[in-house]
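Quick one: this structure, given as structure tokens, is what I'll be asking you about.
We call the chains A, B, C, D and E, going by the order they appear; numbering starts again at 1 in every chain.
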Amino acid sequence: MMQLAVRAEPLLDVDHLVVEYGLGNKTVHAVSGVSLQVARGETLGLVGESGCGKSTLGRAVLQLRRAKSGRVLFDGEDLTAMEGEALRKMRRRVQLIFQDPIASLNPRRRIGDIVAEPLIIAGVKDAAERKRRVHEVLSAVGLDPELVANRLPHEFSGGQCQRICIARSLVLNPEFIVCDEPVSALDVSIRAQILNLLEEMKARFGLTLLFIAHDLAVVKAVSDRVAVMYLGRLCEVGPSEQLFAKPVHPYTDLLLQAIPVPDPDVRPVEGVAVGEPPSPIAPPSGCRFRTRCPRADQRCSAEIPELREVAPGQFAACHHPLA
Amino acid sequence: QKSGGSITVGQELEIAGFDPLKVGVYDTSTFTAAAAIFDTLTTLDDKGEAAPKLAVSWTHSDDYMTWTFKLRQGVTFHDGTPFNAQAFKENFDRQKDPANKCRCAFYITNVKEVLAPDNDTIVYKLTDPSVNLPATITIQSQNNVIHSPTAWKTKGDDYNRNPVGTGPYILKSWTAGDRMVLEKNPNYWDKGRPYLDRIVLKPLPDAQSRFASLQSGEADIIWDDEADADNILKAQKDSKLTVHTYKGSGAQVYAFNTKVAPFDDVRVRQALVMAIDRPKMSQAISNGLSRPASNPYGDGSWVKCKDDGALPFDVEKAKALIKDYGKPVEFKTLVTATPRGRMVGQVLQQFWKRVGANMEIEQVDQATIPSRAFTRQFQMTPWRIVDLADPDPQMYANFRSGSPLALAGFSNPELDRLLDHARVTADPGQRTEDYCAISRLINKEAIWFWTFQNTYYALSSAKLKGFPKIYNSVIDVSMTWLE
Amino acid sequence: MLNFVVRRLLAMLPVLLAVSLLTFLIASLLPGDLALVILGDQATPENVAALRRDMGLDQPLWWRYLSWLGHVLQGDLGRSYRTGQTVLQAVAERIPVSLQLMLMAEFIGLVIGVPVAIACAARAGGAFDRFMTGSAFAILSMPSFLVAILLIYLFALELHWLPATGYVPFTEEPLNNLRFFVLPALTLALAEWPGIMRVLRSDMIATLQEDYIALAKAKGLKPARILFVHALKPSSLTLVTVTGINIGRLLGGTLIVESIFALPGIGRLLVGAIYTRDLVILQGVVLLVACGFVIVNFIVDMLYAVLDPRIRHGHA
Amino acid sequence: MSTLLTIADVVVELPTPRGNLRAVDHVDLSLEAGRTLGIVGESGCGKTMLSRAVLQLLPKKAKLTGRVMFDGQDLARLAPESLRRLRGRDLAVVFQDPMTSLNPVLTIGTQLMETIQEHLELDASAAMARSIELLTAVGIPAPEQRLAQYPHQCSGGMRQRIAIAIALSCEPKLLIADEPTTALDVTIQAQILDLLAREQRRRHMAMIIITHDLGVVAGRADEVAVMYAGRVVERAPTQALFKRMHMPYTEALLAAIPKLDAAPHTPLPAISGRPPDPTRPLRGCSFAPRCRYAAGRCHEAKPALTSAETPGHLYACFHPIQMAAGVDA
Amino acid sequence: MATLELSIKDDATAAPSRRKRRLGLLFWIASTWLVIILALAILAPVLPLQNPVDMDMLERRAAFSTEHWLGTDGLGRDELARLIFGARASLTVGLIAPMIGLTIGGAFGLLAGYFRGRFETLVVGSMDVLLAFPPLIFALAVTAYLGQSVPNLTLILGVLGIPAFMRVARAATLTLARREFVIAAEALGASHARILVRELLPNVILPLLAFFLLGVAVTIVVEGALSFLGLGVPPPMASWGSMIGEGRDSLDVAPRLAFLPAAGLFLTVLAFNLVGDTLRALTDPRQGAL
């Protein structure tokens, strides 16, 4: 097994993970053999187009979707082999934040109860203790516990709901949080608030994050390393600055070019992006990006490219890497 | 009399069929059809006397144990089979044959056998004397109507719904649950009859819409009963309609199960009977149309008693009896799950509540009542003594100890003696005596009680003529005509 | 698609089996011993025992069920002990009536319910909407036995437009047949349309909020086209379910309406069978009616696929 | 060039259970034929309501005042029938979410052809030919087969192309694209924006692009209007706006966008708080509670749109930013 | 910390003030009617009413009078007393039977929608069996077997209502179970029971309650139909349905005997649904949100 650029012993080690969905008599190949490591204290950004399997990967890490094959090692323990109580214990250490903050709060329960729920599930019997913890995390995410605890989710804006979700995920003092597009549904102005909050929480609670997003700029703002995913496979992994400055995989390059720049002097380059991603039900053979890749040739359709280290700490799965 | 035309008869029930082996007993709707398709040996004339039909004359032995009938000649069934003594005997034997297990056999237990000494003579051999046999076999029932032997033999299971008789009408078509179309029999032995070309029988189960059908002209004559008093009164006022009524013998009756508490105590039974104010009850359930009954025979019967021993309506006495009994009086009464059954049940309940007895109404469907009654799974059950020409068959079955129909489970040597005596006595005066004594005894012991006498109703368009009396509760339209 | 059809058809078998078992159990739990009912006044213990033996009533229940099922599988549903008719004959005679009644009732129900629902949804909360919602409740509060007699009074006795009761087969006198069916079908339809109206109205209201309706307006389409082409079809899935259930229910007959209007339908046959303890007819007819229900359900599923291409293409 | 669309003093009010909601508050805008106007603002600031006001597709209970002059006619006072003829032919729209803006139970062909047949009076085969032509123009491969397909059989980008084809089908004079790419991926977004720009040039139609991403309008609009809490708070030719923003809100909005060229873990200058409750309008400047320059006057009165020194540049602020844009970020 | 200026206080202005939504006159009329009817039904035995089963057999169908305010019925019983006692029977059956359907059908629907798979197939299949079985036969058989009483009647109507409630609950659960808050609970390690009770139930119960109100109306009417067939409440007890059935026989003589209970039924059904709609709108969290 190839060792990716990991500075310390990884907290999370995903090894050749394969996740599939049955759809009638067809199979959706959502995640097809993804391996990545996240070191303790690190933020790994995961970007890719819609439907490429980011959420599926995130959920498979948490065992909300069982993998078809492959392993998920968390702090040295194999989550895929865990069942029942053991898994439930482990869940306290690993948390999840969703894209749609409003949908991830039960519309009929009060905020105080929602945030206290993980404590109840974890078996914290003492009500006063629970209340103390809830107050603590709510204040930490910048909400006034007194004002908030007795209200229902619909009384809050999206940004506030996301704060509540963050508070809920923090209440058990987890080590690792999967953030599944936590800001995609938010406004530009609110988005910045939440990103800042996440950064702050990370520092304050010593978290390790898997940060999923489809917006490269957002990922860059918070990640130490970035993994680019395309149609169930990883294309490129590398330290943020390096990857953005010198993308090696043509897909990463395409993504970077497609971002609209808020500057009228930068004329948008027309015609960079070609085609649309194929269906994960029948992914192309060989390199999955070849159907849209300007550099694709015979070899790309015959041979699946492996992740190779192209620069220190930067890996790419491409037969014809850029530069 | 005008020939031609067609009428529609609105009936209450759906006809199940005509084969006695299948249907066991005919109901009122089947009677009407049977009266048109089949003939009986005898019929009742205007005065209620037995008159010839397929039998032209009859004689009896002195002990009334043997009756000989001379049959009409030249009569054929609709399928061409000749009607003769042999055919009649086959009809009878088929019912009587134990292998056939016909429910109908019960009603001919008193006939030992029927002989056919020659082609146009039949002889009834009875087990007990019967003084009035020709009148009792006039009803167009499962036992008395005569089927074509060839037909039932060739048609097998299908015969039930494809009956063949000698009657004035031939079954033309029959849609289950809907219409039965009867066409005039052109070869009917009674020349010149019948008058109508066609009779259509339709089940119209709902009383309101049945009456509406009569009003709107979809039906020319409908079956009705006192429960529908509002409509009967309306029809009486309507010049376009005619109300046919017939005050029959018999009564609507109730039997106490004297084997179970609280009816094992005569005081309770008497109290309940005395609590009923029949005129008021008639007012409540039928606008006063119902005629109170004080004995099982009724005004329509030839049994007329000076003293039938009826218990008076006396609330105070009833209360006293209940008080005397000491224990709370609580019981269930079976009631048919029909509007009429519910109404009567509630009225009785009301009377009895007033004297301190609690009756609970148990609604059951019509089919359940006989089986509950035969197995004695009841405390009080409604029953009916129908309009037959002679009281004997029903009185004997209902009250003689040991009879499966002696529902009260009451046995009294004097009652048995009187019943036995009445059935072998020829003299009407003496028989009246006996039956009145029986009535007094039953009334005194209050093992059964009677609410109202049987009155039969048919409502027709005023244009329908020639409708006979509703003898035996049969609406017989076979000899009617339209004006 | 074929796969889908076959799978659905196979899934129906257990339902039918369960219905047959249920019917059998219920029929054998009914009070009133069949032998006693048949023998009537003639019943002596010996007679009853003999008859029970003849009819196999002394066998254990499961055995009777299996042997009945065995016969059914060979296509023999049995014969009524009372009328001598086979179950198939009895049903064949009655089913056209129930079918026609059901079809006409659903048709009238839809003809009233659908336009009213559309009109209500188009102006939800408006005067017409409120009035019709209120009327729907008023009609819902009138049991069919009352509605039926009121209709008879009005149309048969007062106006003389339609017959009060009766029936002729369609094959004999088509026009008259329709006349006979108008009032009973209307009675049923009056009870049906409030339900139809309610589900369609609320689905329509939801659909009319959709972006694609806004786009249809923005495209300058005629209002009628928007309502009937763009909004009605995607709103009608629940309606189809409800209609399917109604049809299934009406297949079992509607005793009250059949009795009042003297229609020889399945309802009266079934209840008659219960009252006379004609268990062969009862079991057979219930089983056939259940088959009908299952088939209707199947058609509903197919209709889903027709109405919604997403279902057709397996994108649930 | 002639003015195609003039929005004059438009107010849209929506009655809600919590009180009257002023979604659009005295907005004046105008657009010349063949030009592109970008409308930018946060969620809920009234962009969609404004576009619906132009299309006369407001919710039934909404109240509209002011004038919407399109091609010489006041749309707000037009008879429903004439309005209907206008929509789809001269006035077309593309909605945000291609998943929901196409009818799921009608084929793509039906949805395309019905517009063409409604307005152009073509027969079925001509309409079909035109549909194929349009689908080809928006870059859909094998258009003949697509006509018989349903929306769910197409990907999101494909659907948006179809929606655009529908919008273009009668050569409209004005195309309103309400966040046409928000629901799409970056690579697809680029394609769609390219497509819109190309078709606009080719057909010489005017276009309003509504978005909350300043990056989208930067390269593609001739003029930009920034909306906040129902009002247009700054309006200028694109170049001028990005060169020099006067309104603190515009500046903050730009600054809050994470930049690709910034180092990881740089804290973003977020705008604190959130927009005011539209049912409870503030007396002063709506942005004042979140504005770092706000002073006494800002809480007392609403600043009117005033002209800046650059022609065509309007802003509504008592304390406009004096320095050049970009420096702050 | 510069970015964390947001505290709830500056949002307090934006937060919705406690609901002061107007309920409308109709709502109040409807609830008043319901309160009156329910109170009358509950208090019927202690109210100064005439005995609803006492007959004055010579005073049949008497007109309105000071003795009988609403006259008497076909057996001379006080119509007013019967209407009120009828409300008691109809509402008992009409409220309890749908409750049976609500609890059993709701529970099965919830479980089926959450667990899916075989269990769902089994539940849906059983409901199809219940639907495929002619309801009248079911009612007849059960009354014949268990006897006729209000509890049995309630049981029958309750069981017949189960499939419908199951459908509603299952449909609601199916959409909810995919919602992220359910996945969130799962990710927290909540047990199935906890997810069902704490996360799903509170959301499923509302559509069920809305359906329940319609169920009340339908049940009361169906009870009437069963009374008409002799399967309803046992006489002499009155129910609105049975009163309509009895009054039907004298429509041209005394139409009020059928129409008074029908009107009572109509007003109550309408009131239940008006109140239900309003309450549903009130408790719908989306309504208040921006």
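Methods note: contacts are C-beta pairs under 8 Å (C-beta built on N, C-alpha and C of every residue); 3 or more make two chains touch, one makes a residue touch a chain.
Here is each chain with its UniProt name: A = Peptide ABC transporter ATP-binding protein; C = Peptide ABC transporter; D = Peptide ABC transporter ATPase; E = ABC transporter permease.
Computed from a predicted structure; not experimentally measured.
The minimum number of touch steps separating chain A from chain B is 2. Greatest centre-to-centre distance from chain A is found for B, with centres as Cα means. In terms of C-beta pairs in contact, C-E outnumbers the other of C-E and B-E. Per-chain Cα centroids separate chain A from chain E (ABC transporter permease) by 47 Å. Measuring from the averaged C-alpha position of chain C (Peptide ABC transporter) to that of chain D gives a distance of 53 Å. Centre-to-centre separation between chain B and chain C (Peptide ABC transporter), using Cα means, comes to 38 Å.
Spacing of chain B relative to chain D, judged by their CA centroids, is 89 angstrom.
Among the residues of chain A, those touching two or more other chains are numbered 157, 159-160, 192-193, 196. In chain E (ABC transporter permease), the residues that reach two or more other chains under the touch definition are 3, 6, 11, 14, 16, 140, 144, 229, 245, 248, 251, 288, 290.
In chain B, 208, 365, 368 are the positions where the chain touches two or more neighbouring chains simultaneously. Within the complex, the chain A residues that touch chain E (ABC transporter permease) are 59, 62, 64, 87-89, 91-92, 95-96, 98-100, 103-109, 117-118, 121-122, 142-144, 147-148, 151-157, 159-160, 165, 168, 192-193, 196-197, 200.
Residue ranges of chain C (Peptide ABC transporter) in contact with chain D, taken from their complex: 210-212, 214-222, 225, 229-230, 233-234, 307-310, 313, 315.
Chain B makes touch with chain C (Peptide ABC transporter) in their complex at residues 10, 14, 16-17, 19, 22-25, 101-103, 105-106, 157-161, 175-179, 202-206, 208-210, 212-213, 215-216, 218-219, 365-368, 370-372, 374-375, 404-405. Residues 1, 3-4, 6-9, 11-12, 14-16, 179-181, 183-191, 194, 198-199, 202-203, 285-286, 288-290 of chain E (ABC transporter permease) are the ones touching chain A in the complex. Those residues of chain C (Peptide ABC transporter) lying in contact with chain B across their complex are 31-33, 36-44, 47, 50-51, 79, 81-85, 90, 93-94, 97, 148-149, 152-153, 156-157, 160, 163-169, 259-265, 268-269, 272, 274-277.
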